[in-house]
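Below, chain A partners chain B and then partners chain C, in two separate complexes.
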Partner chain A sequence: MTAKPLYVLQLFVADEAPNSVQARGNLRAFCATHLRGCHQVEVIDVLEDPARALDDGIFMTPMLIKRLPLPMRRIVGTLSDSNAILEALGIEDDGHGID
Partner chain B sequence: MASTDRGRHPDLCAELSRLIATLHETEQRIAVLTRGEVDAVASSEGHNYLLRQAQEQMRKDASTRNAAILDALPAHVALLDGDGLIVAVNHAWHSFARENGYVAGEDGLASSYFEACDYVVGVERDAARRAAAGIRSVIAGTTASYAQEYPCDSPTESKWFQLVVTPIEGERPGGVVVMHVDISSRRRAEGESAELNRRFADLLTNMQMASVMLDTHGQITFCSDHLLRLTGWSREETLGNDWFEQFVPAADRAVRSEFKLLLASSSEGARDDISDGASGAGKYENHILTRDGDVRLMRWSNTLQRSPSGQVIGTASIGEDVTEQRQAEIQLRHLNRVQRVLSGINTLIVRVSDRDALYQGACRIAVESGGFLMAMLVVVDPSSGGMRVAATAGKDEGFVAEIHHVLTTPALAEHSLTARAVREQQVVVANDCRTDNRLTLAAAFCERGVKSLAVFPLLVAEQTVGAFVLYSAELDFFGSDELGLLTELTDDIAFAMDHIEKSERLAYLAFYDQLTGLPNAQLFQDQLDRYIAAAAQDGGQVCVFVLDLDGFTDINRRLGRQVGDALLRAVATRLQHELPQPFALARTAADTFAVASPSVDGVALGCDRVRDCTLGALREVFRVAGQQIRISGKVGIAVFPEDGNDGKAVLLNAESALKRAKSSKQNYLYSSNALNALATARLTLEGELREALVDNQFRVHYQPRVDMARGDIVGAEALIRWQHPVRGLLAPAEFIELAEESALIVPIGAWMLQAVCAQQMAWTAAGLQTVPVAVNVSAVQFEQGDLLQVIRAALQASALAPQMLHLELTESAVMRDPDAAAAVLQAVRALGVELALDDFGTGYSSLASIKRYPFSTVKIDRSFVTHITSNVEDAAIASATIAMAHRLRLKVVAEGVETQGQFNYLRSQGCDEMQGYLFSRPVAAEAFAQMLRLGTRLPMADVADEAKPTLLLVDDERGIRSALTRLLRQDGYRILSAGSGEDGLELLALNAVQVIISDQRMPGMSGTEFLGKVSRLYPATVRILLSGYTDLKVVTEGVNQGAVFKFVTKPWDDDQLRQQVREAFAHQQTGAGG
Partner chain C sequence: MQPAAPAAAEPIRESATPAPRKTPTGLQGFDEITRGGLPAGRTTLLLGGPGSGKTIFAMQFLVHGALECGEPGIFVAFEESPASLLVNFEPFGWGLDALQPDKLYLMDARPPIDLIQSGTFDLRGMLAALGELIRRMGAKRIVFDALDIMLAMLPDTASKRQEIYRLNDWLLRLAVTGLITAKSGGDELSSVGMQQFGFMQFMVDCAVILNHVISDGVSQRNLRVQKYRGSAFDENESPFIIGQKGLVVAGGRPPGRDAAEVTDERLSSGIERLDTMLGGGYFRGASILITGRPGTAKSTLGGAFVAAACRRGEPSMFVSFDSDRREMVRNLGSVGIALGEYVDSGLLRIVSVRTVSGSAETYLVRIRLLAAECGARTLVIDPVSTFFRSSNRLTAQRIAERLIDWAKSEGITLLCTSLVDDVGGKSSAGSTLHISTLADTWIHLTYLLEAGERNRGLAIMKSRGTAHSNQVRELLLGASGITLADAYTSGGKVLMGTQRWDKERADRSDAETARMLSAVKLAQLDAEEAHLALREKGLQADRLGKQAERLLLTQANSKRKRTEAQDDSEVRTLRSADASPDEAD
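Up next, the complex of A and B:
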């Protein structure tokens, strides 16, 4: 088993709008479970910082972007389905997640 | 933006409506497409649009949150606008307003707070006006905030509120937040505490107890009126002062450390006041000083004081003046003690009859029962007035010596309190020894803790005969009540002294002979009784002697009474010097003295010694009153218990013995039947022995000695017998001891030698083949008689060849004076007379050490021979003696051989000759001559049988013995059988045995034990152990120790056993042994 690479993630949210709040919570739980010790998350509020959203071509929130490892991936939604996220992020579930 | 366009383009309205509808639809579609999971959508320019759903939710969340916070506050909160209108209230305000019905309408919203204040009437009106003014000032910005506490009695309860007004920051300038906080419980608590303080102060002020509070430095922070009254200080003179400096006497320094200890105890986390605390100092007593310098004893209860945070800030104490109470207690205790002394001494007075016991007892009781530190009894000499310490208790020797020095040095004694009491016949008291300058030894008293003392004169017939001094460890012990009781006590002591004095004088007159100072008959009887009681207890004896001076009345008559008295005194003195301790001596009549002497080491010896001393005391000439007087005496002797069960009877018997002695030629006589009988018997016997010599009543018997190899007689021991005319033939045991003591043994021994020599010659003349005869020589004969001369005379008289005479001597006879013995024996041997060492083994000498004497024979004592076949040690000694003696070229004779077993064993060990009942008892000369004539010899064992291979079977079961005998007989062995180990040993002594088969389990001696003995007594035998039990441990030990050669289990295999026995005989013949 090789060490997991560092996952650099960005979550774009709209202030405390309900889905954004949910997405934050789900992402925190997901990282704690599957990416413990190998993740770096930045949360960006598009209402406060619309310029960054524009730069990144964000047109919907909440949206998660996986910057690293490449390829870059984007996921829209509340991030409530862990398996979908694992798949989308290209993470092999090595079983360590379920403990 | 959109609203500005609304009125200008009516068509646009429709367009806008459509756009909105589209947007709405788009939004819904986005929501559907994203399952409602999207919050915002951005335009291509980067504008973010929150979807409606998210917007609504956010709005709702924010207002709910704020309202929830406000509603959660317990304070009543209202927002007022710049005009004082209530614009919002929280839940607490709402419910308070509703419950109390102050404000009409819903929540009072939009009503004016100021108006409400203006409506307030009654007691709360002023507070309402002030509140309104305060709010206005905050709204106006003249004060940053406003606060005020006010009472508010609603119809249901009485409350206190705090009003706080603060401006609202931010978007609504001019508005304020008004908050009412319910502070009723705080106000209530403050009120209660103030009330409590007031009541507590009242209590402390009014109660009849002293109370004081100190801070942690000991400074007075509170002081009750009672304490001030008690001490005479004013409050101003005490508050802030150091308690310990102002109130505690210097002597009670410890009080401050107690205080510090109390404070320190709190830091250990103990929150209890000290009455419950570990220090146990809840009740504490100490003295305090009043303003006038008086001292009061206070009993305090101490408590720690703490700040609300638990910090110790000082102590609070409540105290009671127990001065009087304590004094009463102490006095009661003193009186109790004195009473105890009084009753103790009264008991003593009844009991004791001698002065010293009284003095010692009185002092001891005073210290032990009365708790006095020390007590002393001083005796005054009535003639000189001098004082002497007669008894003390509780004092060390050094102190007693010091006091004694003071009392016996007139210059010092004069000033002592004791002398004053004696002189003035008055009690002298020093109730504080530290300050009393009348005391001569004040420093010494202080050093020993004496705080007060009293001297009581002892008066007899208005004369001071002594003084009783009591020392107390307490100050002021001797109060008037105590002195009263103690005076009574000393009167009792004085009375007892007087009584004893009188009775002692009487007793002396009654019990002593005034002429000689010796006890008289009555006291002698007492002393004798005491000796007898002691003797009766430990089984001892007491000798009583009564001495009467011969012709004393003559002396009195011829030389005068004075000379007679002087002579009696001289006799008394001499007896006292001469008699061996212990003794009791008395003058019991005019010229009669009595002596009692408990036996120390054997009555005969003790009696004889005292008797000789008593008579010896008179031997020397007495020089009295210029005269030389010789005097003799007679003694009567009696002994307890032989001559009586008590002193009276014994003394009486001694007196009657004296009477008999006086009428006899003897200068002493025993009363004792036993002693008399013995003495008489000895005298008689002694006389008879002398007569026997003269009348030729002695006889010689002969015990033949046999050669052990051939069985024929080779010699004899001559043994003396006394043909007593009345008692018949007596063995030496009945008279030899006395003969030795009285030295008659010397002529008797000489007679014996002559008789034996003469007999030998007579036999020779008669043609008998004589053998040498041995004569015993006693130690006394050897020392006192001229042995050499006697022997020479006997040989010459008979013309007997010296070789036909032997002498036998014991070790002890030789060892008394080894050098002299050696010389004599050499001379005797030179005559040609052979010497034998008798009773060998019973003394302590070794054969090697007797090498220097010319012995030719050693006789083994019968005590070794008796058990020689069964006792391994005896057998070992005998065989070692035989071997050693042979090496020293000494012949060995065994004495007391009675059995064939003994004979065989001794012979097997190489013993040369024997004598004993096996062959013959000592016999008269004629019988011995007959034996010589007939050539009588000891029958020797059957040689044919001896030659046969012999097997010994030992088993306690007869059946097994028979079976084995049948089985093994067919191989041609001679078979012996025994039922026990003991019998087996006997058979072994009698027979030459080569092989032994023994059972293991037998009553008494076990098989291995038996075979163990056999292996040491007869090492050449082959030993087989037969056992039904495979008792391996025992068998192994037997084999290891060489006791067992083979081990055969029961039941045995016939053929195998026969084979094993055959092998055993073969083994034995090769000489290997077991």
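Up next, the complex of A and C:
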């Protein structure tokens, strides 16, 4: 198994909105399962920092952005479907995600 | 930050004043329909099928705000990219480029093509970003264009609803004037579309529906204000067109606004004797209807009228549904109405329109635009019946009313010709003749068929506020112009053409005879007098002769007496008579 590159992720959330809370939880679980030791996550609350939402063109929350490795990818929603996230992030399923 | 809850809207609604402030849209006609524009600080929903003009409406609203009202605006584009918007709006000449980004912000809110969706989401991110932008720009107007695109990504009706509520509450809280456009089902507002936005129509303060219908192959766009909380509005469907400078809505004149001004000024009809029949001409600002069958010289009367207007130096417009501009100038030239120079100098605008290219409503809007463009004081529509052909009876009536109402409010003297099939205006074509009840002056032209001839007759059917001739006159077209001839009446029948000529000739010969007769009589009398004079002379001569005779006779007598006396004395002397001479007698 080859070493995974560093995944730089940003999660835009809207305060304690239910879907934002869910997304945070799902991302935490996903990283623990699939990106252990090779991820860097920044959580941005658009209600606290609307300027960043504007500059980054965030129009839906929750929104996950994969900054690195390129290409950049955006995933909208609660991140409930881990297969979809794997595909979006370009990670081959190594079987760790499925218990 | 407070979480967006639907209930948050309630206190704001209650604090609203009963008569909402209005935000002018700058859309010609729309502000009249809504008595001032969209509700300020509230949300308006604009529904319509694809290509119904929603985006243009929305952009025009923002541009007007930015340019005329000092209200910066944000355009949130869910469907088109800002780059393609800039290109698409280029032809309108609004200068979107120059307004960006301080007065007009085009926000690309299209979901990225490679966006992956996993689970539910909401619009809080967008609203937070927009809130920031509104603060930076001081924006007063915001448009969400094609919200349906965004809503389509939401999994179920409940979440769609939730987002719409969220958006509405957010708009109310920020007190910006919001306009949300969304596609409704299809060309006709299908039930699918209505369902999706049905509840939204209840929620917003104002809802406007655009539709685009094709009837008998004729395209027509309509706009209807479905609701407007706390405000009166025109509830009818109003036609609109997408003109060169944006949407133009055929708004009705709000009730209570009077016509421009009512004057006693008379305008020449271009035909001297017709002016006399009308007691001086048409009133300025009046609506004149000229009806008649094909070929009764309706257009010619219209032409004479604009020619007279041009001679006075008034800008005029002639809308022809029949003929081409050059044809018209030629045809009218053949009856002594020279329009060429006025067309060249720009005083007269001849607009030739083909009936098939639009609905009556569309024409009305275009005519209004053109008339405003050339500042026409006099307008001829020839014939108005063709203009109405593509609409049903009700529409035709409405348009007729609107046309006349508009002309009056602008102080334009309007002359319409109309084709009718029946003589004497007893036509059953109510739609074409509906205008006759609205018109101030109605002139009917007929063909009278007598003795194998068709002759044109002119009668004034009505003329409000004017004493007018009740006589039918004969209309004569000649190379030098139009004249009206007295029609001879004979045995209750109007004589025209050859019959009139015959009658005129007969009358002429009668007069000749009478003149001859009197001349003869005069000569006779002269002769008699001469004869008498002659006789008088003869008698005089006789008398003189007699007098001379008598004189001679008297002289002879006295001579004789003297001679006799002399003789007597001589005898006496001879006789030496001693008797005195007295004794001798």
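Here is the rule we go by: the second predicted complex is superposed on the first by the 97 of 99 C-alpha atoms of A that agree within 3 Å, B and C clash if a C-alpha of one lies under 4 Å from a C-alpha of the other, contacts with A are read in each partner's own complex, and residues count from 1 in each chain.
One rule holds in what follows: a contact is a pair of C-beta atoms (placed from the backbone, for glycine too) under 8 Å apart; a residue touches a chain by one contact, two chains touch by 3 or more.
All values derive from a computational prediction rather than experimental measurement.
Using the contact criterion defined above for the overlaid structures, shared-chain residue A:D81 touches chain C, although it does not reach chain B. In the overlay built on the shared chain, the residue A:P50 is in contact with chain B and with chain C.
Ranking chain B and chain C by residues of chain A touched puts C first.
When the two complexes are overlaid on their common chain A, residue A:R73 makes contact with chain C while staying clear of chain B. Look at A:D15: by the touch rule set out above, it reaches both chain B and chain C. When the two structures are aligned on the shared chain, A:I65 is found in touch with neither chain B nor chain C. Residues 14-17, 19-20, 46-47, 50-51, 53-54, 58-62, 76-78, 80 of chain A touch chain B in one complex and chain C in the other. Residues 1, 3, 108-109, 111-112, 114-126, 128-133, 150, 153 of chain C are the ones that touch chain A when the two sit in their complex. For chain A in complex with chain C, the touching residues are 12, 14-17, 19-20, 22-23, 26, 46-48, 50-51, 53-54, 57-63, 73-81, 84-85, 87-88.
Against chain B, the residues of chain A that register as touching in their complex are 13-20, 46-47, 50-51, 53-54, 58-62, 76-78, 80.
Considering their complex, residues 30, 34-42, 45-48, 50-51, 53-55, 57-58, 61 of chain B touch chain A.
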